[in-house]
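Order of writing sets the labels: A, B, C and D. Residues in every chain begin at 1.
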Amino acid sequence: MKQKRHETPLEAIDRMTDNSVVFVGGFGRAGVPERLVEAVCRRKLRGLTIVSNNAGSNVAGIASLLQEGCVGKIICSFPLAREAVAFRDLYDRNLVDLEVVPQGTLAERIRAGGAGLGGVLTPTGVGTDIAEGKPLIEIDGRAFLIERALRADFALIKAYKVDPLGNLIYRKAARNFNPIMAMAADWVIVEAAEEVGIGALDPEHIITPGVYVDAYCAVTRIDQMMEATP
Amino acid sequence: MTANCGLSLDQMAWRVAQELQDSWVVNIGIGMPLLVPPHVRADRDVIFHSENGIIGMGPEIEGGDHVDPDLLSAGKRPVRLMPGGSFVHHADSFALARGGRLDAAILGAFQVAQNGDLANWKLPGARTGSIGGAMDIAVGARRVLILMSHTTREGEPKLVDRLAYPPTARGVVTKVFTELGVFAITEDGFVLEEIAPGVCADQVRAGSGAQVKTDGATLMVPPDPVSPREPVLSRA
Amino acid sequence: MKQKRHETPLEAIDRMTDNSVVFVGGFGRAGVPERLVEAVCRRKLRGLTIVSNNAGSNVAGIASLLQEGCVGKIICSFPLAREAVAFRDLYDRNLVDLEVVPQGTLAERIRAGGAGLGGVLTPTGVGTDIAEGKPLIEIDGRAFLIERALRADFALIKAYKVDPLGNLIYRKAARNFNPIMAMAADWVIVEAAEEVGIGALDPEHIITPGVYVDAYCAVTRIDQMMEATP
Amino acid sequence: MTANCGLSLDQMAWRVAQELQDSWVVNIGIGMPLLVPPHVRADRDVIFHSENGIIGMGPEIEGGDHVDPDLLSAGKRPVRLMPGGSFVHHADSFALARGGRLDAAILGAFQVAQNGDLANWKLPGARTGSIGGAMDIAVGARRVLILMSHTTREGEPKLVDRLAYPPTARGVVTKVFTELGVFAITEDGFVLEEIAPGVCADQVRAGSGAQVKTDGATLMVPPDPVSPREPVLSRA
């Protein structure tokens, strides 16, 4: 069995390299893998393209990546939140690139990447700035933009519980982008609040099957490790 | 906001809330629309959708020890979940929004054009703006209800002939609710359906940057003071 | 609150009309809404376009619709199972139309319909008979077919448990097409094995949110009806 | 099947099973491929995916009272779920297949061409056929392993120059396993990597409808009889 468990966030991200495209889960502060992001900061990776809903708020999460100089580009839906101080500063000085994507389009582009699709046809953005340079196609008299799939080299995921196979459940609205990002990256790294044994998660309740997860660390200790029954 | 003229903010929110029918699924944008839910009629079950994956979102709650950091509105403020509510991931949440299961969305706006075009994400000439979920929701909802001040702080009209602001979506707005009245978007452009107490048709026309058909408007009679079913706990 | 509950399958399908496009959940016999299908047979509806994975096996489910003469067309991925006796017979006599769709494309077309998309770009079927008449598009040197979204007038769904709001959970591999079909039809009708009260289904475990469900009937009785707490 | 020549069915299944590495996620097609799982090496955890939404599918089980009608393989036969397994809906199941998380798929075939084209869904001239999940899986899996008889019952070659059958997918096949040996698809077409005991290169070439590079092939040494880890409970 593939060893996915790592002792620390720093070990969990050991494969990450400069100039990668990186998904970061979360919406606001719910579901943001803050410990993994912190580890990326500590490693002082450079030239990352960060794909996330926001461009960071105040000093935690993506804001700290920006302040540490790790980020070359941000792809997000909501860059100018009031708390996006670090982003505004760098953006105003042309030190970071930006691609703004409607939130639902961002979600579908990521899901399409995970589903092995080339992209989707969406009505969102037709007749707006967002349509610039994108092919337009008409189906049954309605116009759609072709929006291309989006994949990443790495995904940083925040989960509630993880088992040794990498199966994940999330907690409430901290689910948000995490499950689709976990499907669409070449290497998926998880920070979980809790590690449980194989069989502790009901097969019906698992949101992200372990096959998508490559590495994880638990912020808290293993509380139970049930024996796998054959 | 036109000072001392027309409806109060709470009255505006109350009026929008009257639009919402029993069992409707409704998305609430950030900002002014957040004032609407407490005014929904007690005999109507309205299911609120929050684009971050909450179906059956309850009212916002004050900060404190009982705040759950994993249960936030699209405006990133603590909320409750209603009984029978559930969670979905972001792709499924926007699938709901675009897929025709939103009976209505209540959004703010910079400008609304007489053909239903909506602008609410970017200032003219600005280098960028925050789209968030507005484009998808505006395109997907069956009815787009706009809650906004009738003019800018500088007194510029926000009901316009053609958008001067970058569009969010084309031809999507159903009705506009301002302190002066309720405006439907029709084949013939803006039609004033209801006029706020103490406001006259001339005022409405003078404050609008497009033709507004005002004859046939009825007088709105809001309760004063309006009493929300739930206390309005926070203001956008 | 909208009354979604119906006493019998026949009442649950009361809105269905001739010549409708109808999704029928299930894979093999797992997750097939057999009681609803039976009710459709009894009503002797005509000219239905049935969208389902299979074209029915032996006498239950879709096979009975075919035998009753309800079906004008089938859209499916696997029409010629050995047990698809009723289908073969009608198809050989040109009494039913057929559109064969790769199973993953069928799933994505339905999901796209549910997600308000116009369609998806898929690599599946490129260079095969399936590509005939479909636009081909190249992205980063790889060819994709444009496959159009698929919606239905009605969906017939089999669930494990339902609550009065229409929230659904499924059981094991009986989940299959049911959740995506429930998202993509104008009127969604559910046959559940069990009805439970509001609050009995954990919000984290609900697979199909009740907002998608318009009507349901429970094959067994209500076993508990918890009071909704405000 | 070429009678009395080359590997038995169980030996063929055993040989394919040796390809499967620890922690691989593998889709098993209906028919002959269903024989493979019991032969997976005991020191390797292979996770089987079934396109009807089972991740971590266990072995097929005999019918009887303990059969769960809601837990069926893609071949519609009762199976078990392995510890740590889970369920997803059909769109997510094929997302996994197309999205690059299948390390391998084991499929049957009517024909395989030297450029890796695969035909396994429809007979030439037939009015229709059953695609099922084959097209998506063949396109999506990182490695497509074909398990088939070397020729048709009538002795026609199934390794061919160009497909005569309607294609399932183009250029996707990685390796072909027949009773005569193991064939890799390379830039130069078919390369015989391993030859079955008692078979000679001439036989392989004679039974193939395309050039097969046979020099350099090693002799396969299957255990005889092969002993599956789990009893093979049913035959396709």
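We take it that a contact is a pair of C-beta atoms (placed from the backbone, for glycine too) under 8 Å apart; a residue touches a chain by one contact, two chains touch by 3 or more.
Keep in mind that this is a model prediction, so the values were computed, not measured.
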Contact-richer chain pair (by C-beta pairs counted) among A-D and C-D: C-D
Gap in Å, rounded to a whole number, between the CA centres of chain D and chain B: 56
Inter-centroid spacing, chain D versus chain A (mean Cα positions, whole Å): 35
Here the gap between chain A and chain B, centre to centre from mean Cα coordinates and rounded to Å, is 30
Would you please write down the residue numbers of chain A that are in contact with two or more other chains? 108, 111, 115-117, 122-123, 170-172, 203-204
Where in chain B do residues touch two or more of the other chains? 81, 87-88, 91, 94, 97-98, 139-140
Which chains touch? The pairs are A-B, A-C, A-D, B-C, C-D
Give every residue of chain A touching chain C within the complex, in rising order. 108, 112, 115-123, 135, 137, 139, 142, 144, 146, 148-149, 169-172, 203-205
Along chain D, where are the residues that touch chain C in the complex? 50-54, 68-72, 76, 81, 87-91, 93-94, 97-98, 117, 122, 127-137, 139-140, 166-170
Going by the contact rule set out above, which residues of chain C touch chain B in the complex? 1-2, 111, 113-117, 163-165, 167, 183-184, 186, 198-199, 201, 203-204, 206, 209-212, 228-230
Which chain A residues qualify as touching chain B in the complex? 27-31, 53, 77-81, 91, 98, 100-108, 110-111, 122-130, 170-180, 207
Taking the complex as given, what residues does chain B use to touch chain C? 22-23, 25, 45, 47, 49, 55-56, 81, 83-88, 91, 94-101, 139-140
